[in-house]
Structure formats: structure tokens, C-alpha cells
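Both of the next two complexes hold chain A, though its partner changes from chain B to chain C.
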Partner chain A sequence: MNTLTNVPTTAQARPRASGGYMHGLDLLRVIASTVGVYVHTANWFAVNQREFSFSDFVRTVLADPLQLNPHLSFTDVTIFMVISGMVVTHVADRERPGQFLLRRFGRIIPLLVVVLVISAVLINLGVFRAETKQTSLSFLDVLTGVTLAGFFTTPTVILVGVTWTLLLQITFYSYVAATMPLLRRRPWLPPAAAAALICLTLSLASGPQSDAVHRIGVIACFITLIFIGQLITLVRSGKVHVGTGLAIGTVHFGLFVWADKLGGYAYSGGGMVRTAFLCILLVLVMMYVGGPVTKSAFVKAWSARTYAIYLIHPVCIYPTLAALAPQIGNVPALLVALLLTAAVTEVLHRYVEMAVHRRIRRWEKKRSTSAPAR
Partner chain B sequence: MSEPVTQPVVAVTARPPGLHAPVALGTALVAYSVLGGLWLNRHGHSPEWLVVVREWVNRPLGLGEDFGLLGLSLLLVCAGHLLFARAMSTGLPRFLGRLAWQAGLPLVVAVVLGVLFSLFADPLPLVVDYRENPPALAVLAVVVFAVLCTGSAVLLPRRPVVAVAAQLTVVVVLLVVAGVADLDQLAILTALVALPICGELQLLLRTGLGRFWEVAPLVLVCFVVPAVTEHLFRTAALWWFTVAAVVAFMLVQLAVKGEPHTARPRPVDWLVSRAFPLVLLCGVLAYPLLGLLPLPFNYLVALPVWGLGAELLHRCFGKST
Partner chain C sequence: MPGPLLFSPQRRSGTARGRRGSVPLESPARTQTGADQARSEKTRVAFIDIGRAVGALLVFYSHIAAQWVGKRDEESRFFDVLNAVSSDPFHMSLQGIGEVAVPFFFLVSGFVVTPIALRHGQTRFGLNRLSRVYPPMIFTVLLTALLITVGGGLLATGQAQTISAWTLFTNSVLVNYLIFPQVVLVGVAWTLIVEVIFYLVLILLIPVLKRWVWLGLAIELTFVFIVLMSRAQFGKSWSLFAVNVSYLPIPIIGQIIWATTTKRIPLWAGGVYTALAWSLYVLGDLLKLGRVDNSYSLALAIAVMCFLMGLFAEPRLRERKFWIALSERSYSIYLLHGLIAFAVLDLLRPAVPLLPAVVIAVAATFAFVELSYRFVEKPSHKLARRLSRPSAKPKPTPMSAPEPEPKPAPEAAAPVAEESTEITPAREHRDSRAIVAAEVTIELPRVRKRAVPAVAAAEDEDHTQVLPRVPNYPTTDPDEGSRRRRLDDNARGAVTVAALLAEQTQREQARKDHRSERRSRENRPAQ
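So, the complex of A and B:
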């Protein structure tokens, strides 16, 4: 999930509660990224029928008592989406539409392209398998895969599974940019209008449909969680009355429940609505959490790298486990995979993500200083 | 070397702020569950709105029993806040005296009413069985918690975290006894008693009487108790206690951390100040009254009489929340 895109490093762009920066959300990002890595690791062990006792432990102490998906699937995605909606809405308040899109897309697209190109190379080398099971890719496949257009083609070409959430982000960013003037004058209206649009989309996309239409239904289903995040920020900042926010948020959650009932949108097994509900509550509680751990440099640094972790971890973990687990055992292979993920994450964060971010900021500064004074 | 702490470092007020919303919500949910879902179903009614709410809200969220368990959980967590605050802010004799007057006597009145109604009507049976009478077991949980508070009263002002840990130890021992002796209702009772202890721990953290690293493991143990109860007993597993407990804990945490000083409508204030008598009289006054008249007139009569009964208890014995 592109959490880092939503965590600009400048203090002015950080979400501020009435009591200041919400450090608890940084800790929650760390937790969510850890859960994300766990979910995909546990799924890999389950699919490959290899023993992973930690998975049994998590199921016994967490998943079963809270009636969640056995591998905690969807937990990370919900947390990231809600936080994303909160942060993006916060930064949208102080940016022009063009500037907003440049900064947001500048944050997600370059790293996404790099990761997808790496995965395409690994697929053609036979080291990594595409989400849609291709073992070799033509130039057109690579092009559709890297641009995410492959989500809407027949057959679908999806290089890395987790990138489906980027479709939601791109849709949400575009919607926020398009409704920015409205978001400032009538802040309740964009999320309310979005609810109507989602309702219409779900109505049209339900039932037997082509892959492309079904994918639009998936976007409509899960984007409700991002709008709930948007409403949390609007209520926190006092722009939307708590009753209005609660009402529109309930409609969005109702649409999510409806989409769950329609079926076909969940890739994460049962308990999706319950997971979303508990995660939204957790985000709300964590908004108020402070303390030395949440404010530590370690948490801050990890939190800043969650987007890179989210994108790269399947590309690092799956091939490493496939290659090493039969040779050196599950736990040593997992340790190597995690170390590799950490190293690649650091490289991507420093030399792609932050490099592009700094370049955009420098370009903006240069442009503003060279522009004639009015 | 520092002197041993003999007094709490932070004063605890007798009525911690921020509990209005969860107490009001909890009371309303218990009423909806007992007088809405439970009474209607036990008397052969299954209106469409009830089915729709179950289908669209209760089932997806995992909050079964028509929110009844969530309502009770909210009230129990808040009871932990309130009783702990009172035990800390007043001496033991005064604490016990007020408890006996404000909670004990209304409880006696409720039992008498239940016995009287059982002669000619159909109240919730006065049995310690969660399947038959969920609010009764919750009230018993409050009684057990009050006993635990009294037992640890000497430690509470000096070593509050140790006192709460001792209470939790008793709960865990009771759970072990329930497991060994195969007593499902005792296990459910321990799961419910863990909730006010959760409330205590929230207040400890909030007032600075406990550090995060001391309190967090104890909170986890509080959630382990219902999880183990569900694991041990098939009957307990039906209600998903842990889901309701975690949701209630987070809702109360949100309420006390959020905006505790916002203006409240008068009906909410009324509901909060009469919450205890309302819950007490729900099964022994409102529930049997519903059976004496045909639908929908029974609700038009039972609800005002129930409110009046709670008002009388409140005026006679004072504010309990």
C-alpha cells in the first residue's frame, strides 16, 4: 500500500489533530506493514503446503478469537486505506489540484514502475511468477503490466498482486483533485457524491461481467474505506459536523457491506466487513496514542518506508522462499527473505522514492522563484 | 533512594469524564437486545426490520445477540472506570456504604419485582445462565468486580497496578476452576468480570497511575480470558465474547480520549444517570409488562413504566453512574 506517498516528510504536510501530529498513525503503519508481510508469507507457506507454526500461533491468539480471516488477510489493506484517505485529504487542503496530483503521483508512480519493471525482468528470468500466472512476458505484456492497464485487459496481466490497491489510490487522488474546490467550500459534498457514484457503480458492475467491469466494481467496493478515512479527517478538522460525518461514513460502510454481500470482490476470504470495522476503530483509537515508542526515530523511519515495503516484499520474499526453503529450511529462508526485503526497501526508498520526491520539490521551488512577482 | 509511594500521584475524580456516550449507547443497546430482539423472538415474532438489522449489521460485524453483548460490554468497561474511581477517591467504608445503598438496594428491589412478576407474568428467569438472562450475569459480574475492588482496597491507593493484577489473578484462577470443573457459566462470568478490569486499566493509564508497559500486558490478559472461555466451552463460543469485548474497549477508549466535554442532550444525560436502574429493571419490569398487552400497545405502556421505575429508583437511591 502506498502509505509513504501519503506521509510527506515536511512537517506542514503531516496530518495534524487538534493536539498535533498523530504519531500513533506512524506506529499503526509499522504494524500494518508487518501484518502485510506476514499475510503474504503465511499465504505462501499455505499454498506451498509447508509448515509455518507461527501461522498457527497467530490463528489461535488473534484470528480465531476476533473471528478474522485465518491469515489476517485484508487487515493491512484496510488500515493503509483509511490512513491514506485521512492523510491525502489533509494535504489536499493546502495544495492546488495540479500541484496535488504532481506530488501524489510523483510519490507513487516512479517506485511502482521500478518495482514492476524489476518483477517483469524476474518473471522472464523464471525467478518470479506473475500474479496472473504468466511465466514469460511479451513487450506488450510488460507495457500493460507496468502501466496497470493489464488489470482491465483480457487476459489480465498483473505482475505483482498487491498493486491492485494502487488502482484505488489513483482513482481517489483523481477524484480529490477534481473535487478540490468543492472540498474547500462544501467539504461534506465530495464524500457524499462519491457514495452515490459508488452505489451506481456497484449496481451496474454486479452480476456476471467482463473482467474490466468487474475490476471497476472492485475499485468501487474498496474505495469506500478511503472515503471513510477522508471523513475522519474532515470531522477531526471541524470542517464537517460529527453527525454529518457519521451519517456519510455509515453510508460508505453500508456500501462496503453491500459489496461484500454481492460477492466476488473479496480476495481475502471471510470476515472482511468485521476486519474493516475493527481496523477503522483501531485507526480512530491510534489517532490519540502518543508516547516515546510512537515518536521514536525507528518508528518514524519504518513508517516512511511502508510504501516501498508494501510493493517490494512479495517480489523479494516469494522467490527467496521458493529457492531457499527446501534447501536450508523454512525459518532460515524466511530470515534471508526478510533481510533481502529490508535491504531492497532501503535502496528503493533512498534512490527512487525520496530522490524523485526531492527532485519534484526542487523543481517546484525553482519554478516559484523564477516566476515573475505579481 | 525515593520514598515508597503511599498516595496516588494523580488525583482520580469520582466521575471520570468521557463515559456519557458509551454508557448511553450501552443502555440503549441492552434495551434493544432484551426488549426488541429477545422478547420478540421468544414470543414468536420476527419482524422484518429485526431480520434486516441482523443480516446487514449484526452478522457482518460479529456483534450478535442484537448488540446485547456489546451493550453489556460497554456498561461493564464503564463500571470498571466508575468503581475504580470511587474506590480511589473515597475511603473503603464510604465506598462500601455508597455501593450498598446505590447499587445493592436497587438490586434487591429488582429481585423482588422479578419474583412478584413471575407469579402472574413472564419476566426473564432469575437464573445465573447467560442463555436465559444475559443482563443478570452482567449484574453478577459487577457484584464480583465490586467484591474484588473491596478485597484489593488496601492496595489500590498505594500500588494500583499490583491491586488490579491481583484482581485479574483471581479472575484467571476462577477461569481455571471453571475449566477443571466444567462450569460454563462460571467461565462466562469470568469473561464478563475481565471487562470492568479492562476499564480500571484504561483509567490507570489515563490518570498516569500506571505505565503503558505495566498496563498493556494486563489488558492483553483481560482479552485472553474471554478468548480462553470461548476456546474451552462450546456454549460460550456462540456469542463471540472477544469481538464484543475488543469493540467495547476501543469504543470506550475513543470516548474518553475524544471530546469528553462536549455538550450533551438532556435525554442522554437522563439515560446515563439512570443507566443502572434501567438495566436492572429491563428484565424484571419492562420485559414481563410487554407480555401483558398486545403489540404494539405493550411497548407504549411498558417503556414509560420502565422509565418511571428507573426514575423512582434513581430518586430513592441516588445516581449510580
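So, the complex of A and C:
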């Protein structure tokens, strides 16, 4: 299960291709979610000027030699985006546009709303601080924050930082739904047309702009990675020739490089292009990996919970570290924070994410059985 | 998971390169499905051919863009744009995007040369490498000396380029890289001394690698660590030696990939060894051993990813004459582009505009490469084969068909490693193809009560997973006991598939004979 794409865990919805289910992607999601937790933890320790020796080790052995962002920022996001493009394109092949949107939004929106409401409550209780530094929220702030409209308002209201990637997901889902007939008849055309649109958007959004326009530029910049994932699936399934896929993918990557050069979109450090390139290669390698651990129930279960982990971990880890690290030390506080994250993730996955998913499926089933009777 | 990767080692004709010419008429593959047949028609490892070819071209491009155009302050929007989207974002502006190619060549070397070394043994392998590496190198050194004498501006590393009998000798045998002060005539030859050191380490460790691959790898990594740590202890030559040894972790990673994918070591061990090799390479970076910028580790990471991607995608790749031809000439391209292209560019500029001059320089280089390939490299390959041919035929094993006189199979050259990607026959029957199969399943570590024998493992798991070059072990091995059993297991694992296919062919032949006999019997009364 992808943290960002929220594709159902049912066997039908898994990324199957001519070579079968890509178990390696499950493992990669587990790795990406672990890296995501590490990135935010290391950032918290760095910002609060507390010693975290593991972060020094990672920096010496990986981040610096590979010229990546400090604390490997953006690694997790890139992996999730590419996988997202792959998986969503795969499932879009057998769904109607309305059904596709219902299922995809049904997977991301409820959990997102619950997490944002929890974070709004915690912010008003003074336990958690909004990404945009607000320490108390009005009803309107909560409303704009929970609906993600706060990304485009002035002043900006962002409750949980990681939710910016949801803007990319929503844009991508909408684009896939809109181009679905084309995706079936001329599969190469939607990603190619997207490249042209992205080029245009980046041209218009570059330079000194308002926050809202800048945010659209950010979406245009990073959505290229999701389209690269889409192209991987289209090439793998034989719908797009490898040469065509490579050419369009190169254009998308070129747009990402260009956006990086324009500046202002990549706020995680100077290693965005290298991070993106290595992560794309990693996805291409991992999609072939199999083996007992990759196929294990543990990896599958973790993989299914990565969306919940992705959304909730900052909300759990930051307040816990802030409260406990000065009292009991960094490592014990981190352990408590991780345990809390795991527990809250489990609750959210079972009682929100999967509950809504099952309800939607039941409703679809009921509708499909009642339709012929009428 | 990768699909079947079958190799047909036997050639119908010595010149057959493409798929058409390489498939014998009577072949087990003819009974397979179209896709399987297409795969089994392969005679080479396609991803290595593509990787070598692309790598050589990238090095060529980078030297033109970063070394010639960049260092002569030539203004070119064409190269500026290409650099802006390739080498600049990857922190490789100084050396160019071709920096990725060098670790790829080293990886290929470790991956492909190790099984050859185990198959050939110390003397044969040593002679083979000697006669493959040095003739083109000596030719290039002599040509370089000639061009320097007439005042050509060549690709240089910044060290002295004094021409004398001594420097010609040291450069030809590559020891110039270990003598202080360095005199470097051929700028790109530094990778060859790394190769030669790797070959020497490999030759010394062949007996260990044959018995205990894990121990051989551990010794290699320890050796690298000791040399790096003692870099300042034994004089300047030792320091220069340490600089070259600091690149050895790359071919060792190639070896680790080979050992892991052929299940000579478990995946967890492969992961641990790779992490250690990576750490040693990063250590070399931190110690700034011969590094001119800080992009070496990134180049290695990209090369490893591309290598693994190619390895896993191999079942889907097809042989293409274009890639094979380029791959076979990649060693010559690698050695000669800095001479010919630079000399031609120096001659033409500024009289001819830059881009036409570059096109002419590239064309001249390829023309010269063709000459070098035909009249220097190919003869050196023949010599290598002659020297490395076994003196006596090994006795046939009960598991395989009798081995005929090995056919001279043309081998490809890589820019650095210059070893063949062809799958040469281990044991082959005169009329049937032996298809050598091995595993490329990447499995994550698991707890095993005991090691699964090779044959059982091949049967239990996806038996379509294959990898090139399962080494042939001598059948007259005097050692008994566990080693003997292990060698037998390995050999059996490799030969079983070949034997099965040979058996299948025989069965088909028998069926055909039976059918034709029956038909002739039926026809006889009618006549």
C-alpha cells in the first residue's frame, strides 16, 4: 500500500504487471516510510540543537558522499511519488473515472481529515505547532487547514507539513480521471500532454509570485515524478514502447531539473535532482526484487500502513520528543515516540482508513447488485 | 522477478554476432515458445554490451565537453545546455557525466572476470589478461609518444609527459602510476592499473575463492582497508599504490553481485559485504585519495543502480548488432579517443567551427578505432585465447556430454575490463547446445536450518532464473571431503539444465527418428 496513493490492499488493486505482483515495491514503501520518519526525527534534533549521533553517521556514509539533502530529506517523498504514479496508473486501467475518483479520494481524504482535525486540536491545546507556526487556530483556520485550502490562502495555514504532497496526489488523480479514455487509447499522450502543461505552468509560475501561484509551481515541479512513475507502469505493461517512455520520462526529468534550477520549489536542500534520480533508479531495481522477506506478512502489513505512518508521525513524534527528550534523554524519548506512532497508526489504519475503504466497497457492491434488479 | 535468462554458448559461425546467425538449426530452443526462443537465442549478456557501449560514449563525450571544450575556453551553447542538464545537477561538472561509466566498467570487471578466473585457473587467467590488456595499451602508448613528439595536444592528467625509453616502458606496463614523480602519457590509463591490481589480487585469491567465496571477499576488503590505512607509511610509491587500491571496492562490489546472484553467498552476506565495500570507497573519498572532486561516490551509486537494473532487465533485453559492435570496440574507443579526437580538434580549430570540427573528430576517432580493433585488439584476443587454452583436455564428467575442441569464440573488449560478455561453452555436444543456467533470484535473508543444496534450490524455486557463467571446476580435483562435495554440487547445478536440454533434444530426435521410421514402414507395403 502506498502512503500517498492509498490504493486498496485488495489483490486486484495491487500493481500487477506482466511479471506479476511487484513485492519489491512493498519493501520499498517500508524503507521509504522508515526514511520519512528518520528525516523528520533528524530534522527535529537538528532544529532543537540536540545531539543525534545516528544522523551524523547517516550523513557521513550516505548523504554527503551521495551529495543528497542533509538528513536525506525528500528521499521518502520521491519514492512514494514514483510508486504512486505506478500504482494509480495500473488501477486506473480497469476503473471508470467516477469509480476511480471515489476510490482514490475515499482512501486519502477521510484519514487526512481525521489527522488534520487531531492536529488542530493539539495545536489549540498547545501541544503541537502548526507548520506555519500558528499556536492557536480560529474556526476558519481549521477549516482552511483541514481542506488544504490553507496552502493557497494569505496567510498560509498548513497544519501538518507533510500534507503538501496530498496536493500533488489530488492533482494527479484528477488528471488521470480526466484523461482516462485517452490513457486507454493513446497511453503515451496523457504523460506527454502533462509535460507540456507542466512546462507552461513552470514558465508562468516562475519569478516573484504570490504564495498561491508559487504553490501551483511547486505542484508542477514535483508532479513530474509521479508522471515518471506512470510511464514506468505504461512501459512495463507494454502499452508504451520503451523508447517512447524513455523519451517522455527524460522530458519530465528535464522539467524537474529545470524547476530545480529556477529555484524556490526545492526547499529541502540542494540535492533534489540527485535524490530524485537515485530514487527513480531504486524503484526500477526494487520492482524486480522478490524473496521471502519481501513477500512476508510483516512487510505487507507495514506497507499497508505507510499512508497512516506518513500522515501521523510528525503529529506523534514532535510533541513526544519535545516533552520527553529533555526529561529522559534523546534515545528513550525517541523510542516512546516511535511506539506511540505505531499505536496511533494502527488505530487510524483499522478504524479510519480501512473502515472507510470497506464501506465504499460495500456500497459499490450493493449498488452493482441492486442495479440489474431495477 | 526476472524471467529466464538462457544463453546459447555455441556459435554456428565465428562471425555470427546477431540473433540470426547464432542459433543452430537443431536446438532445444526450437521447442520453446516464441519469447523463450527469442531469449534463448542470445549469445551475450545484452545489458553489459549496452552498458559498455553507452559508458564508452559517455566518457568520449565528457572528455570532449569537459576537457577539450571546457579547458580551451571554447564557447558553445550546445555543450553548455548538455552540461546544464547532465553533469551539473549531478555535481560532475569537473569531469563530466562520463564519470559514471568508470565505476560501471569496474563493476562489469568484477562481475564477469571473477567466474572466468575461477574457470581458467591462475596461469591461464594471468596469460589471458596479460595478452588482452597490454597489446592495445602498448600500441596506444607508442601512438601517444608519436603525437606528443609532433606536438599534438592530447588528453592529459596534468602530470609530466616526458618521452624516454624508460617512460615508454613504464607507461606501457602501467607501473608509471606507482612511480613518483608520475609520468602519464595516456590520460585514461589510470583505470587500467586499477584493473591490473584487481587481476593480481584475483589471481592470488583464486584458490581461496574456489573453496570459500565469502573468505576471498573478506580478504579482499581487508586488504583494501590495510592499504588505505597504511597509505602514508611506506613511501610515495606506496601512497600511489593506495590511491589505485582505493578504487578496488568497485570491482569487489561487482564480485559481490556475482557471488550473491549465483548464490555462492547468501543475500544478507552480500548486503554486509556491499556495505563494507561502500564504506571503504567512501573512506577513500574522505582521505581524498587521488580524488579531484567529491562526486566519486555518487557516480558509483548510479553505476551500481544501473548495473542492477540491467541485470534484472536482462531477460527482456535483446541482442542488437549496434550495441555489440560498440561494446566490442569500447576498449579501443576508451584508449584512443583522447588521442585522435583531441589531435584532430587541435588541427581543425579555429579554422573550422566547433560543432563540425567535433563531428569530424568523432568520425576520425571511430575510423581509427576500427583499425585498432581489427589489427591490434582482435589479434590480441586470438593470442589471449591461444595462451589461455588448456594444455590437455579434461576428462568428461558423467553429467555432461564429452567436450570437443573449444571453438575460437571472439570475445568482446570493455574499456577497462575488456572481458567477454559471451557465454562460452563449458561443455557442449557437437550437435546440441549446452545452455548454462544459474540463478539471479535476489532473495532477502532468511533463517535456514542448513544450506540448501544447489540442485534442490534450483528445483524448489523459480527454476527459470539464470545467470551467466557458472564456472567449470576441474573434474580431476584431487581434494576429497566437503570441498569435493561442494564443487560437485555447484557443477551439477550448472550442468543439470544443460543435461536436461540435451536429453530433451535427444528425445525429440528419437521421436523424429521413430516417426520417420514408422512412416517409411507404412509406405513400404504401399510400394
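Here is the rule we go by: the second predicted complex is superposed on the first by the 366 of 374 C-alpha atoms of A that agree within 3 Å, B and C clash if a C-alpha of one lies under 4 Å from a C-alpha of the other, contacts with A are read in each partner's own complex, and residues count from 1 in each chain.
As a working rule, contacts are C-beta pairs under 8 Å (C-beta built on N, C-alpha and C of every residue); 3 or more make two chains touch, one makes a residue touch a chain.
All values derive from a computational prediction rather than experimental measurement.
Overlay on chain A: chain B and chain C clash in the combined arrangement. Touch criterion met: A:L281 reaches chain B and chain C at once. Shared-chain residue A:D260: touches chain B and chain C both. In the superposed model, A:T294 lies in contact with chain C only, and not with chain B. Touch criterion met: A:V273 reaches chain B and chain C at once. When the two complexes are overlaid on their common chain A, residue A:Q67 makes contact with chain B and with chain C alike. Between chain B and chain C, the partner in contact with more residues of chain A is C. Where the contact sets of chain A with chain B and with chain C meet, they give residues 61, 64-67, 254, 257, 260, 273-274, 277-278, 281-282, 284-285, 288, 291. On the chain A side of its complex with chain C, the touching residues are 19-20, 27, 60-61, 64-67, 254, 257-258, 260-261, 273-274, 277-278, 281-282, 284-285, 288-294. Taken in their complex, chain A has these residues touching chain B: 61, 64-67, 254, 257, 260, 271, 273-274, 277-278, 281-282, 284-285, 288, 291. Taken together, the chain B residues at the contact with chain A in this complex read 56-57, 60-62, 212, 223, 226-227, 230-231, 240, 242-243, 246-247, 250-251, 253-254, 257-258. By the touch criterion given at the top, residues 1-3, 84-85, 89-91, 267, 278-279, 282, 285-286, 294-295, 297-298, 301-302, 305-306, 308-309, 312-313, 441-446 of chain C touch chain A in their complex.
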